[in-house]
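Here come two complexes built around subunit A, the first alongside subunit B, the second alongside subunit C.
Let's turn to the complex of A and B:
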C-alpha cells in the first residue's frame, strides 16, 4: 500500500527491520509459552481426568480393560451412588468438614492476632518471636507426629476428631502468621497513626482497618489453612483408627482398600468427591483474592 | 481551640542521638505556625511528639493548658493530615471522614451534618461515595483535610501535606489550606521543608536546624531580619548571596572590602552597629533582589555599582535571574526582564547596600 511509505518506520532507516524482529521475537515467545503451558496442563490434568474416567466405569470394565483405558464404554454413576448412599462415607465427609472448619477458624484467630502484634506492636523480643514462628514451620510433620502422638494420647484425644483440631494448627498457624505478618507490614504506618488519632484502640484498628485492608492476605491464609487441614494425611493416619472418627483422606483409603482388594471405581469417585470442596472454595475465593490483589495496584 | 506550649522538649533515640534538642515554643490560640527546615532538622519529630505518635524523652507539652506527655493521641483532641494522605482504602470518602466521629459514638445525624459541612468547605460533596483509589492526589488531600475538619479538634497538625502533589496543585492546595484556616480558625501546626509554603501560610514561621530552633517570627521579619546565617540562607529563593569580605575603616565610614579589592560602602546608619567588627573578616550577605539592574532616576539610597558578566541568564517572565561570579563566589541577581542580559556580556548591576547583612563567620550570627 502506498500509505506504508509514509509510516515512520519506513522514514527512519533500519526501524522497519527492528520492528519486524520485535514481532518475530514476540511470536517465538508466544509459541514457547503456549507449548510449555499445554505440556504443563496435560501433565497436571492427566491424573484427575483418569480418576474421573475410572470413577465412571463399572468394576467389570475396570478389571477387564479392552482397548485404551482413557475411554469409558458403559458410563455409570453407581460408584458415586454407592458412596453417597453409604452412611460411613457421609461420616468421613462430615468429620473432614468439622475438623477443617474448626481448624480454619482457630488458625485465623490465632494467626491474625499474632501477626498483628508481631507486625505492629513493637515489644521486647517481637523480632525473635516472628522468626521463631516461622522456624517451627520448617519442622516436617513426619517428625512431629511421634511426640504429638504422646501429647494427644496423654490428653485422651486419640481416636477423636478433637485431637486433629488440636494438632492441625501446629501445621497451619506458623505459615498463616508468616503470610499475615507480610501483609500487615505492607500496610503504611500512617494508616494506623491516622486511626490512633481518629480515636481507635488497638482492637478497633485491627478489626476496622487492618483486617479489611489485608483481606486478600487473610483469604490467602484461609485457603492455605483449608487445604492443609482438608488434605492432612500423616496425623489422622497416626492418631485415628476408629472409622467413625476418620476424615475423608484416610477414611476413603482405609475402607475402600481391603487387603489387596482395591475398589478402584469407588476409590476414584471418593477422591473426586473429596476434591470437590477445595475446588469450590478456590473457585469462590480466588475471585476475591485476585480482585483484592489487583485493586489499587495502580496509581488511582 | 487551644494554645500549644512546648517546654524544653527533647527527643533522644537509643544510642543517645538527639533529634530534638530542648526546644521551647508557645503557639497562641487560632495561630497558624509553620515548622520549616531541611530534612532531619527535627520538625516532623516535633510534630509527632505533639500528636502523641512519638514519645517525649524530656520536657513537657501542653495543649489547652493540660500536660499531654502521657495522654494517648486519641485523647489529645488533635487531628492530623499526613503527607501520603493515609486514607482508609476500603472506606468511602464519607466513611473516611466519619470514622473518627463513629468511634467517638456521635449520633448519626450529627455525623452527617459535620461531614456534609466539611465537604461543602472543601468542595468535595460529589465525591462522598467514592473510594480513595478513584480520587486524584488533590482530592485525596482534601478528604484528608475533611477528616480533620469534621472532628472540630483543638489543634490541626499538618505533616508536609503538599509534598506529594505536583507544583501547580501544590500552589492551589496551599491557598485552600489558608482559606480553610480562615474559615475554621483552629490552631494549626504545619510542617514543611518548603520555605515558600512556610512564608505564604504562616502567622509565624519556626525555622529549625539540627534539632534546635534557629528563629521564630512572622514571615516578613524572618525575611528582612534573619538572626543567623542559616535563616538568612534558608528563607528566600534563590538563596541570599554570601561573599567572604573584610570590614574596613574608610575614614569616617565603614566599607565592605571584597577579596579582589572591590569596596562597597556601608550605609551611615549601620556604622554604629558594625563598628565593633571594623578590621575583621565577615560574611557579606545580599539577597538576589537587592542586586539589580541600574535603573534610570533610581532614588534608592546606598546603591553601589558593579560590573559583572553573567554566566547563566534565566528569564522567568516577570523577572530575570542572572547567575554570575563576584570575587570567586557565585552570586545571583534579579533583574527587570526588559533589561538585555546575555551570558558573557558585561552587565552593570547595582547592589542595594541599605539591604545588606553582615554575618560573623565565627558564630554564624547576623551582626
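Let's turn to the complex of A and C:
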C-alpha cells in the first residue's frame, strides 16, 4: 500500500500530501477507536469488578471506608466461605441446576423435533405455525405472568420448582425452534434425498444427518436455553416465596438482603457465584454464543 | 425442493389407480402425519402456555377483585382514571424510548470502533464488552444498587474525587429514573453492538471501495452505504430491544422497587405490585394487557418494513 502510494507521489506533488493526510486520518481513526473501546470497557467492567472487590472485603472495611472504596485492603474469602457453608444458598444452587437442566433438555427435544418437521416435512398449517413461533418469541414474559400465576396456582405448583420447569419453556422454546429452523433449512436437500434413497426413515434422517450437521446450531440453542433459564427472574419471583424452593436469582435478591443492615460483602459474593455458570459457559463457547445471538435476528 | 415437487405432482395425479402414484401419495400423507406429531409438543407449548394464558388474561381482566363476577371493562377504566397508572404509562414510555435510543446509538458507535481495529484484536475486546449481557440482569443490578447506595456510593466517591457534588441516585425521582435507564443501557448496549458488528461484517468491501472511488467521505460512506445495508438488522434489533425494555422487570424490581413514591414503576413492576403483591389479580392482568396493543403496533410496522425491504431486494 505505502510502496505503491509513494511512487506516484514523487511525480505528482499534490497527491503526496493527500495520501499523507489519508494515513494520518487512518491513524486518528485507530486512536479514536482504541480510546472509545478503553472507555467502554472500563464502564462495562466496572460494576462486576466492584462487586468482586466488595465481595473480598470484611463487613468492617465496608462500613468504615478509608479512601477509595474501589480497592480492597485486607482481602478475605470469608464471605464466600459463609455462603458455601450455608445450606440455604447451596439449596438455591441445587434448585437452579435442577430447573435449568430439565428445562434445557425439554426445550431441545421439543424444538429440534419441531424445527425438523417445520423446516423439512411440510404439513397442513406448518407455515402458519412457523410464523406463530416467531411471534411468540416476541411476547415478553411479563405480559403473561399473571394468568400463568393463576394457572400454576390451580395446578397446585406454586412454591415448587416443578412449576418453573413447566413455564420456563415459554421463554426458551420459541427462540430455539426459530434458530433451529434456520439451521436445518440451510442443510442442502440433496443430503436428505440421499438418505431417503438409502432407505432411512425420518427418525434416522434426523439423528444421523440433521443433528450432526446442525451441531453448531444445536450448541448455540442449548447455550441460549441455559442462559435464559438460569437468568429467569419474573416467573420465580412471582411463583416462589418459600426459600427452600427458590432458584439462585430470586434467592440471592430476596434472601441475602436481610433487614436494614445489609451484608454487602456476602450479597455481592452471592451474586457473583450465581452469575458464574453463564459466565464460564460464555468464556469457553463465546463463538457459539454470538452465533446464536445474531442468528435470531439475521434470519428474521 | 425436487422431492417436494414429485410428491405434489404425484398427489395431484393420483386419480389414476397407478400403483407408484398411490404409494407416493401414502408416503406424502404419512410424512405430514409424522411431521404433525413431531411438531405436537411445540403446539402444546405455544397453545397451552402462550395462547391459552393470553386468552385467560383477557378473561381475568374483566373480573372483579374477588373473581366472583364479571365487571366488563371496569378495571381498565379504573386504571386509566388513576393518577399512579397514568404515571406508569409515562414512565414506561420515557424509559423504553430513551433507553432504546441510547443503546442503539452507543451500540452503533462501539460496533464501528470495533470494526475499525485490526481483526486479530477484535476478539478480546468483544469478549470484554459483551460481559454485561452475559451476567443475569437481576444479579448485575444488585452490583449497581450497591454502587448507587446512598451512604457508601462508589460512584459518588468518583464524582467527589473530580470535584463534583454527590448525586442522590435512587432517592430523588428524576435521578432514580435516570439510574434505571443507566443500568438498562449498560446491560443492553452489548446486544446492539454484537448485532451491528455482525451486520457491518456482512457489508461487502467492494461497496465502500466503489464509494471511495466516487469520492465519498467517511460520513457519506456511512450514510449512503452502511446505513441502507444495515436497515433490516437495525430495525429488527430495535424491535427486539424495544419489546424487552418496555416489558422490563428485573432492573426496576431490584433497583428501586417502584419507588420513590411509585414514580419509577413500569408496566411489569406495577402489574406485579397490583396483581401478585396486593392480590388484585384481575387488575394486575389488566395492567400487563396494556402493554399488548403498544407492542403489537410497533411489531407490525417494523416487521412490515422488513418484509417490504426483503421483497425489494429479492
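Just so we're on the same page, the second predicted complex is superposed on the first by the 247 of 300 C-alpha atoms of A that agree within 3 Å, B and C clash if a C-alpha of one lies under 4 Å from a C-alpha of the other, contacts with A are read in each partner's own complex, and residues count from 1 in each chain.
As a working rule, contacts are C-beta pairs under 8 Å (C-beta built on N, C-alpha and C of every residue); 3 or more make two chains touch, one makes a residue touch a chain.
Nothing here was measured: the structure is a model prediction, and the numbers come from that model.
Give one of first, second, both or neither to describe whether A:84 is in contact with subunit B, with subunit C, with both, or with none.
After superposing on A, A:84 lies clear of both subunit B and subunit C.
Is A:209 touching anything from subunit B or subunit C once the two structures are fitted on A? First, second, both or neither.
The first partner, subunit B, only.
So, does A:200 touch the first partner subunit B, the second partner subunit C, both, or neither?
A:200 sits against subunit B, while subunit C stays out of touch.
More residues of subunit A are touched by which partner: subunit B or subunit C?
Tallying touched residues of subunit A, the top partner is C.
Touching A:191, do we find subunit B (first), subunit C (second), both, or neither?
In the superposition, A:191 touches subunit B alone.
Does subunit B (first) or subunit C (second) touch A:105, or do both, or does neither?
neither
Please identify the positions on subunit A that touch both subunit B and subunit C, taking each partner from its own complex.
193, 196, 296, 300
In the complex formed with subunit A, which residues of subunit B make contact?
51-53, 72-74, 78-80, 82-84, 86-90, 99-100, 103-104, 132-136, 140, 147, 151
Give the list of subunit A residues in touch with subunit B in this complex.
188, 190-191, 193-201, 204, 208-209, 212-213, 215, 295-296, 300
Give every residue of subunit C touching subunit A within the complex, in rising order.
The contact residues of subunit C facing subunit A are 1-4, 31-36, 38-39, 41-43, 45-46, 49-50, 52-54, 56-57, 60, 106, 109-110, 112-114, 116-117, 123, 125-132, 134-140, 142-144, 146-147, 149, 152, 154, 157, 161, 186, 189-191, 194-195, 198-199, 202, 233, 236-237, 239-240, 243-244, 246-250, 253-254, 267-268, 271-272, 275-276, 281, 284-285, 288-289, 291-292, 295, 299, 306.
Which stretch or stretches of subunit A touch subunit C in the complex?
Residue list for subunit A touching subunit C: 29-30, 32-34, 36-37, 40-41, 43-45, 47-48, 50-51, 54, 62-63, 65, 68-70, 109-111, 113-114, 116-118, 120-124, 126, 129, 132-133, 135-136, 138-151, 166-167, 169-170, 173-174, 177, 189, 192-193, 196, 202, 227, 230-231, 233-234, 237-238, 249-250, 252-253, 264, 267-268, 271-272, 274-275, 278-279, 282-283, 286, 289-290, 293-294, 296-298, 300.
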